[in-house]
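Got a structure here, written out as structure tokens. Questions coming.
For reference, chains read A, B, C and D in written order, and residue numbers begin at 1 within each chain.
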Amino acid sequence: MKPEELKDNLAELLGPRLLAVEPFAGMAGRVRFERTAALELFRHVREVLGYRHLSMVGGIDWVDHREVFYVAWSDERKEYVLLSTDVPADDPHLESAAPVWTAAVWHEREAFELVGILFDHHPDLRRLLTPEGYAFHPLLRSFKLHEPEDLEVKTRNV
Amino acid sequence: MATTLYSVSDAISSLLLGAVGSIFPEPVHGWLTSTDVVTGLAVLIFCAILLVASMINTIMLIWFERKLLGRFMDRRGAMHVGYAGLLQNFADGLKLFRKNTFMPREADRLGYFTGPTAYMVTSMILFGILPVSSGWNGGSLPLSLLLALAVFSFAPLFIFVSAWSSNNKYSLLGGMRSAAQMIAYEVPILLAVVAVVILAGSFDLNTIVLEQQNYWFWGPLVVALFVFFVGMLAEMERIPFDLPEAEAELVEGWNTEYGGMLFAFFMLADYVRALIGSLLVVLLFLGGWTMPSYVPTALTSFPLAGIFWFMLKTYAVFAIFVWIRASLPRVRTDQLLRIGWMRMIPLALLSIVLAGLVVLARCLPVFGCVPTLGG
Amino acid sequence: MAASKPEKRPEERPTGLVWKPLTTAARQFAKSFVRPSTILYPYERLEDPKFREKVAVESGRPIGVGEIWDNYRGVHALNIATCISCNLCAFSCPDLCIDMVTVPGGDPKHPKKCPQIDYGKCSYCGFCSDACPEGCLTMTTHYELSTPKRSEMVYSPQRLFENYQHKLPMNPIRLARPANEDAILLDAPLCIGCNACARDCPTNCITMLDVAKPTAKPGEKLPRRIWKEPVVNDSDCVRCGTCISVCPKECLFWGTHK
Amino acid sequence: MWVNMGPQHPMTHGLWNLKVRIDGEIIVDADPEMGYLHRGIEKISEDRHYNEVVTLMDRTCYVAGLSWETLYITAAEAALHIEVPERARWIRMLTDELQRIGSHVMWYAAFVQDIGLMTPFLYGMRDRDLILDLFQSFTGARMTYEYNRVGGVRNDLPNGFTDRARKVMDWLMPRFDEYDALCLGSDIFHRRCDDLGRLSATECIDLGITGPMLRSAGLARDLRKDRPYHRYDQVDFDVATATAGDVTARYLVRMEELRQSVRIVRQCLDWLDKHPGSVLAQELPRWLGAPYAPVGAEGYLLKRRYPSGTGFSAVEEPHGEAQAYVVNTGGEHPYRVKFRSPVFANMSGAKSYLVGYHVADIPPIMGSVDICVGEVDR
């Protein structure tokens, strides 16, 4: 499926909530949408477009906002599609995809604990990899692995 | 019947006491050389010889299994301690001996320590019953086979006691499986033994072996041998029937919580039972220490030839156990029990019928003998 | 799901027999008496090509055919004499296990520094020996490093030099380096001619050349600076970037000559 | 009764905890607990050069290091807009397939041990050693290869490698028959593994299960065919499938894949013999070729900016379908690296293929999933 086709298809459904459909190497396209359209879009992508296999859910911390992306695969079209949306950093809520794709449960748990995205209506939003009660979301940029001075010293140590 | 092993220890005892007594004045000398004291010491020496011999045999059996298993797996087995790792198991035993004996905090003290000890003891008792060669046995009883099997089947009780008292879920599961499995396979084993008893006409192991002078029982009783063999695999808890200690799902089964010398008890007792299982197979089906008449006399008449051939057969039978262990996966509990109740028991009953037919056939005029039951 | 009814398998299944595994294991049993695949490690070593051939012939396994061991990435060897203290190994180390420590032989103002490797952290990735422009830090095939003390895992330059002197077999694999390498370029208007780059350059490939001092127009104030500029000799430059990191004005940078 | 199987348990093959609720010997609930091996590889990657992340990839999945290296490196190359020489692509395909053989043989070894077979375990380890020997001869290490670089691979194959690899392949093929004789030839194996852990293709897709587990349910989905990467469109091979979706079917699929991998490896070796050439791209940014320039904070010493981009790659790893997502914002370090581990998804469905079976079935079922905790936890 070409990005344009995808755009036409989704524009009917989402209207202005579809922000853009960009070409993406090795995929049908990268769909950027408003987070309010999440569940509607997921349902459409899975049931109408046939992307039944959810492969990956990830979050990126862009400091001022956070991006959540979903990768899904269609067996009929034999291609991936990338769905991505932005959530503000101070209100990182997004509708969970778990009711649509069962596979999303663990992926979203991971995105929650590492990037701090709060998935609404998720059946089991617990921490997965880090210990229970761990206070940090390690993949946020504010979580530093080591002090920047370390690098400074190393560079000047000639 | 005065056994040879006992007369040997009696001789050692009287020699020893005579030598020690001669340095003492009369009343002490007389007491030392009296029959009671000599007999008492003879019994102790007898036990010591039996213990040492059976322990050495057991440990050599472990070495034997390790080496054989190694070759099956395209490796060498233990290599470092002693020549070709002969002393490796002694070193392992020493290491376990030096370890601290501990107990889980919530475990039941009585059961936790009694279980392995009793398991070990009941296994070792059997060495006093089984004959090794003509006259070389501890107690020669008219019902020694029955006694041996009775003592042999104590094990599930003690396993269950130690499993339950160590207060661990894996141990408990393993113990329950073990008890179920051993009880299930007790029945076909006994039924298979009945076939042997019918053919030999006696419960005395010596007599059973002597009956096999002409033909070994595995020929007419091949079905019984199969049942007995499979039953022994289960009793000995060896692959493919080693569910109680199936390490993949139950860690170590009923001995998960044991360490140090208590674990060594379990380990040793397991191999004692393996040795006894092999001994029983040889005694009941493979003619014990007797050899067929076509074997040259030179090979069967040297000193201790009986023991030599007997042990050779035992190790050969054990090698088959090892072979099976090396090539088969383990079955599941329910499948194991189903095999036990639904396949082995009918086969054992069949073997009884076959044994009866053989006894009847023996009285045909061609063989010129009369049917006997209980010689 | 467990609840679904088991269907009939298309694959055929052996009936009640365990004969095949038994014979397979027995065949292996017989074979293993010729040559089991275990190597009695401290006594027999696969590094020895003759032994490898022997094992291969006896067991029939294609083990160690060819120079397998010669490419192993083991402990490093350092030739202190040719080390130019360029620091590239330390920069390229992903595990930060290389420290540059002073070794005797430099002048007091610019002490000679050579890598000291902490094998407790090292992951033997070989980035450092790839990075070494002089080829003085290499990886040998020696791999037996166990020691009872953690502190002994830190190898000083002298100890690495011993590896070099013992002529442990070297790992011959080299990175296929890209042909075009960027050069150090100068953002000339920012330079103040302070000589820091030329002073610290490990290969002395930077020379400070005079630049003409412009004549000040009336009213204009000339910048306060030394009227010299660094010129990099690209054929001698090892691209260690020392000059970039010492430049107080950040006027040196990577680029390509146009 | 809840039983904790793990984190130290012979069934787990790594560090994780399977909490199962059992009723007698029947499983009524299951809840895998992860994270015991979480090393934050995605976070550490953000502080490393693109090439240095490769050292982490070997440790991500310790049985299929090279597959993960190629996975990451293809995504990184897409993010950095770098073209790879043809020969490097073929070498990557070769290493991927060798790694698949190594990983599947390792799986076989671990799996048969779960059902109580000790002998084939050692056969598997023995044969895997030959693959490791091959890896060592051109990467220089036995498990942590650090072989891929952005723009190609570190070095070319050494002289005589192709002949050596062919010899190993010739030796391995009869070994696979031996494996089958020890498992499929035994009735007990079928008693243990038939109709165990059944999953239909629909369930697999819903749960996100990929790889041999999905193919064993009858769906011939293989990224090597469906979405050819490297040069898989130029080699002949068949996608292994089975229909039953149970443990035996997974076994059959993996065994068939082993044979197909040998087939691909032979084709790769033939191609590599005929086409010598460069294995590392020549047009590389300064900080991607070795040696590495000293760096400060993000891009601080770089006066020259490189085009930013986002790279995505998906490969058919031995365990299933792995994906990498690399965000490049123009600095020397990737801004964000995200991996999709196939085992992560395969394990998330543990409840659906465990409930209803016996406790004794847990090791074969979880064994047939082929768990590598390193890549689940990352």
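Worth pointing out:
Criterion: a residue touches a chain if its C-beta (ideal position, glycine included) is under 8 Å from a C-beta of that chain, and two chains touch if they have at least 3 such contacts.
None of the values given here were measured: they were computed from a predicted structure.
Comparing per-chain C-alpha centres with the mean over every protein C-alpha atom, the closest match is chain D. More inter-chain C-beta contacts link the pair A-D than the other of B-C and A-D. Separating the centre of chain A from that of chain C, both taken as means of CA atoms, is a distance of 37 Å. Computed centre separation for the pair chain B/chain C is 61 angstrom, with centres defined by C-alpha atoms.
The distance from the centre of chain A to the centre of chain D, each centre being the mean of the chain's C-alpha atoms, comes to 24 Å.
Put simply, the C-alpha centre of chain B and that of chain D have 48 angstrom between them. Annotation for chain B: residues touching 2 or more other chains are 72-75, 326-328. Touching of two or more other chains is recorded for residues 18, 21, 24-25, 28, 37, 87, 91, 242, 245 of chain C.
Each of residues 155 in chain A touches at least two other chains. Note for the complex: chain C touches chain D at residues 1-4, 6-7, 9-11, 13-21, 23-25, 28, 37, 60-69, 71-73, 87-88, 91-92, 94-95, 123-127, 130-133, 139, 171, 173-182, 185, 187, 238-242, 244-245, 250, 253-255. Those residues of chain B lying in contact with chain D across their complex are 69, 72-75, 169-170, 173, 239-240, 242-243, 246-251, 325-335. Taken in their complex, chain A has these residues touching chain D: 24-27, 52-56, 58, 60-61, 69, 71, 75, 78-80, 82, 101-103, 105-107, 110, 114, 127-131, 138-139, 143, 145-146, 148, 151-152, 155. On the chain D side of its complex with chain B, the touching residues are 1, 3, 5, 9-11, 25, 112-119, 121-123, 126, 182-183, 186, 188-189, 191-192, 358-363.
Here chain D touches chain C in the complex through residues 48-49, 51-52, 55, 119, 123, 126, 129-130, 133, 136-141, 144, 146, 149, 151-152, 154-156, 158, 160-161, 164, 167-168, 170-171, 178, 181-188, 190, 194-195, 198-200, 203, 242-244, 248, 252, 278-287, 289-296, 301-304, 352-353, 355-357, going by the rule given at the top.
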